[in-house]
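Labels for the chains are A, B, C and D, by order of writing; each one numbers its residues from 1.
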């Protein structure tokens, strides 16, 4: 609990230059700043040092929260169950942490009687929407500050401002990239990537080796699922947050999970993005494969339509929305039977399901599928089926001759 | 033109044991048999020999038709434009040749005054539906014979029948697999694959090397597209049927295009299938990537829904249907802008788009997307956008408190 | 419990000629017949007499079950929540009773150690699918008899058979119609209706007056909803089965709920159907109107897509299916906020919602919507919203000039 | 052609107070104003007088364009073909005229070398989006003025400003409503309607009589369609714009086409709207009914999904968009067979299709549908069909026992 007569603001803090400069900037606007960092598995960062830095540059309070389990269980899990890949390939890395960050920030604002929240997003990305839509939903009375969107500073001006306000400035040339990471993956944009005809250079990648540097031997792993979620690697049970981190190491070593794409942002522009998501690549390959074995056909064919909508909602900042909740009811209902084991082959940049089984829920029936003497399928039924199946199009052709008139005689 | 007083039947002939045995079987039923083989790029087969074999086992006429170009231009092209992958991965190899085969057989039946068509499908697969639905649509007066579905013979009985009727029987152990191929790919089922926990053995594959035996150096190729279709490899123009065959060789050498999946058949069972489609893997990766650059966002987000339906229609034997035609009108309309070049990396079993450009139709705008001083995006507009974008869910939460009541304070 | 050495069969019995003749026919096939009638509110029938008739024509047991409440609560309620109208207008009357009838028949079969079930559907309608799909799902070991489908009798032959076997034959000319009814409505087909250019004659209708004979004064009623289901008429609470029957009387008197349509049957043909569903017309009008007030926009726009699929599943006999269950999870989740009151005007064949309110869940906000001084809407935000909303199509036009090139200058 | 050194602006002019006051207001901002009125069948207005009024209050040029035929043929026709009803009931009246108005205004701007366009929409409605999105698409270089959105005036201030600038002020109490009309219908909002529990008073309606005041005799009309569009009333051919106006009179006299609804606006709020669209009610009822007779089943079941998207696009200002164009390709392809005649009954506020025929394209086949001796349907095929149709759900139940475990034994 802090005591001060000034208006308090809770800042989504990363320790980087932008959100560090934001602290004096918000102080200048009259706020007492509470800096908050969530550990969502971004890795490679000394969170203690970040916490201290927050205080050093002026925050009245600086908080680090270990949110890895909540992130995995409440935010990544729905993505796994939904096979959620934006525009067919992006596993929604950054879109997932935003609603959790805001949930924590709003709770801290309420505890501290703060009436404002600040985030470090620019004005042309998706994250500002995800942050602010979540704030509007959870507490519409909270004011919002978006200093980076409002700075209108050149890099030089920002550095001057930092120096003037005692904010440490990184030495040497700044990274050309803008990076966001959590345990579900890593997003990279800007710099040389802005030209879509440029290939992503080696230094654009951080979680995976180049497939050409990966081991020359394939690695096989077994992944166990319960109710659609992975619960064990090679028979060894572990909680989801740990399982994901393990798989990031294993699959990253094989160069798996690199994504290079042109993407449609919610704010109306196309951007070029480079992502890495090694664990996501493995888990989602296995999950889909196990669904192929256990989901009934109509469910299997309808679920992608629902998944498409869920994915867009998450990407578009609508995590907190009644449509997301209703669609997830659908998804969760389908997953009670997604139990079993998938064997995966990891080799030189790609992962493939090579075998799968489900002791209690497999709908694959060798007696029905076989071409051997064990066949129990009623082949006679097929002729009747085909007759009624094709009756509407047959009548249509008889009446309208669209295709039969085009035959060469 | 043949002359005979007996009823004529046109048989979809492959030269294999089943459809060869079908010839005397149909003769026993009182038919004069016209055997027809289409060359749809199945490869590895001596079509002349097959033509002669048809006559040798009793057909009154035996016809080979080179349909490679018609197959590529009229049947494969829609699949490319539609990114059509059944259940997310199968590029519809066999489903594509069936309507073309029937079209040719009906034309030949009409030319020869034949009133029946025979096909060699079993009673538990999809192909019987595809064959018969197409026949019903193109000429509902044609009778249909499906000898394999009606045989009810054991392997031994079939061989005895063959020997009794002068049909050559393959020497040695029969292949454990049931294979269908054309220039778009190769399907393999049955045998050891019937247990989904068995890994596909080496002899299950025919168009691709094992990725571990692929070259240690990645290969880069440029693919040019016009109106959504590939027209050149590394700047060298070629017609579609040739381009596909070239890419099968190039990509097959890198072990690309292997698919191993549990699949829902139209007839209601799950089967385990092993496919190879090297050219399809390359072309479809590139096509989707170029669409990401050239399709407007709403088109890009709606087209997958249409594609999903097109794919199911093709798989389910509804190639000749007014819904397929209407959906393809949608797709073709979207493809006028899909022009440009994609650079692909082929390496050890996987293909990835690594760069792309479109001189006249790229919607990627570096001035809008950049984070440099060249930025022309109106960042101020974003705040207003977010307010209205999130207004409905904000009001919903204000009224119903679904998520805000769950905050910890 | 019955005791007999013969094989027992449970028959879905209606008391009509067809299912009465079926009893001796099944006896001839060696069965002991257990006749079962469900009271699902079909009305106008003496169920005691039907029960006795079952025994009189030879059933070893004849059972009447009052299933009105289970029918309303478990089978009609999902239709209300889902606004389920097949092809936009048919509220699924007959499709709803079939799975309930089978559920009861299977239970009775299990209790009586019977191994077969018989139904009275023809071979060209939807009901055979609904009956048999439900039997296959609930107990695939049960044999199925479909005597009407197998009779191949002319009307005269059926009457002769009836007379020979002591089955009472209706005196005089048989009704030209084939009718099925329950508390949710009444279906009528065949006879003069088979020509779609014939108008439905007066005797085709049974639950509604001709609108021209309806009262000259409009009637207003208030319908209260809780969680999407109607619970009171004009403030008077009643259980669903009673509420529906009350509304059938009230709305039938005003000539409301007549439907005349060409319909696509699952078995591949088009049929002409005449339905009446007075209560359904009123309830579904009110339910949709209250949803307009209480559902968040994205939910309101996505739910029709889900409803479309639910409706087809029910129509197509897939009530017992995992997809239906999953889709209903979606629907039920959305209905927690559908609480309030709708005022309806009933007049001369039509029903209209004229006013609505929801004390706790209305998302209509007069302060946001008003054009008076009380306006709290941020009009400035709109300009920014429009800019980003239209950015993708603007860029598309700038690049491709599809529409701007067509301007006349 | 006008000559002036000042910057010119083209104003969408209606003759009402708001857009009349806008003329001096734009002049104050330094513009020469070109006022443009489109005749889209709004009726009840003296367009000559409006044209003169434009000049009288200061416009340098005032133009009236008869756009009724272009409006009917290019903007209303797609709505008919698409059965486009926003949220199930609103036939998109105002949303249709906006893109046409902008098309004409942009053409006039180009002819006159004007670089700006002004419209009279407020900041909380949909029309601002429709106007501005169309401008952005057709010429992104045009500046936009939205005086009403920017006024921030009370009614009294607006009247004072009008008096000061010689703009005629309506005598007496202003209408409490905000109305927009064209030949496709009439929209009314605001005033007493802002409380959803208030019933719409008599003076809210302008194109229809109260159903209770409609004729006591039903009227029957025959509507002929070609390629999905109505071409004749009772056999009398007329062009679309005239046919719609005729039907507005005929159906308006019977009180048909009143709509009272809570609607989700694109800008994020719910509003209460009262619409009248008599011709639309008749035409769309008939069109859907004729489609039921002529569209193949799969087309009939998929088209509503496409229609849903088209409707939202039109409502949301995306008329000029590649997705709209592609979806319309789908729709137009389906309409080649929608030819025939529908008989409609108009009575006391409701319209119903009571008979329909299509000489060349009816897919209704009495031989297949009949229950008489003429029956040509293969009833034996049904048993096989049902077996395969229900196989996936049967296997699912056998494995998972979801429903069979709930049976009472």
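Here, a contact is a pair of C-beta atoms (placed from the backbone, for glycine too) under 8 Å apart; a residue touches a chain by one contact, two chains touch by 3 or more.
What you see is a predicted model; the values in this text were computed from it and never measured.
Annotation: the chain B:chain C pair of sequence copies touches via predominantly the same residues, more than half of the used numbers being shared. In this structure, the chain pairs B-D and A-B differ in their number of contacting C-beta pairs, and the larger number is found at A-B. Averaging Cα coordinates per chain places chain B and chain D 42 Å apart. The distance from the centre of chain A to the centre of chain B, each centre being the mean of the chain's C-alpha atoms, comes to 31 Å. Contact of a single residue of chain B with at least two other chains is seen at positions 264, 267-269, 296-298, 305, 318, 321-322, 325, 337, 362-363, 365, 368, 380-383, 385, 387-393, 395-396, 400. Taken in their complex, chain B has these residues touching chain C: 296-298, 337, 360-363, 365, 368, 378, 380-385, 387-389, 392-393, 395-396, 399-400.
Within the complex formed with chain C, the residues of chain D that make contact are 87-88, 103, 106-107, 110-111, 122-124, 128-129, 132-133, 136-140, 146, 149, 154, 178, 190, 194-200, 211-212, 216, 218, 258, 260-264, 266-272, 288-289, 292-293, 297, 300-301, 304-305, 308, 312, 316-318, 320-322, 325, 343, 347-350, 352-357, 362-366, 368-373, 375, 377, 379-383, 385-387, 389-391, 393-394, 396-398, 400, 402-404, 407-409.
The touching residues of chain B, counted against chain D in their complex, run 264, 267-269, 295-296, 298-299, 302, 305-306, 309, 313, 318, 321-323, 325-327, 329-334, 337, 387-392, 395.
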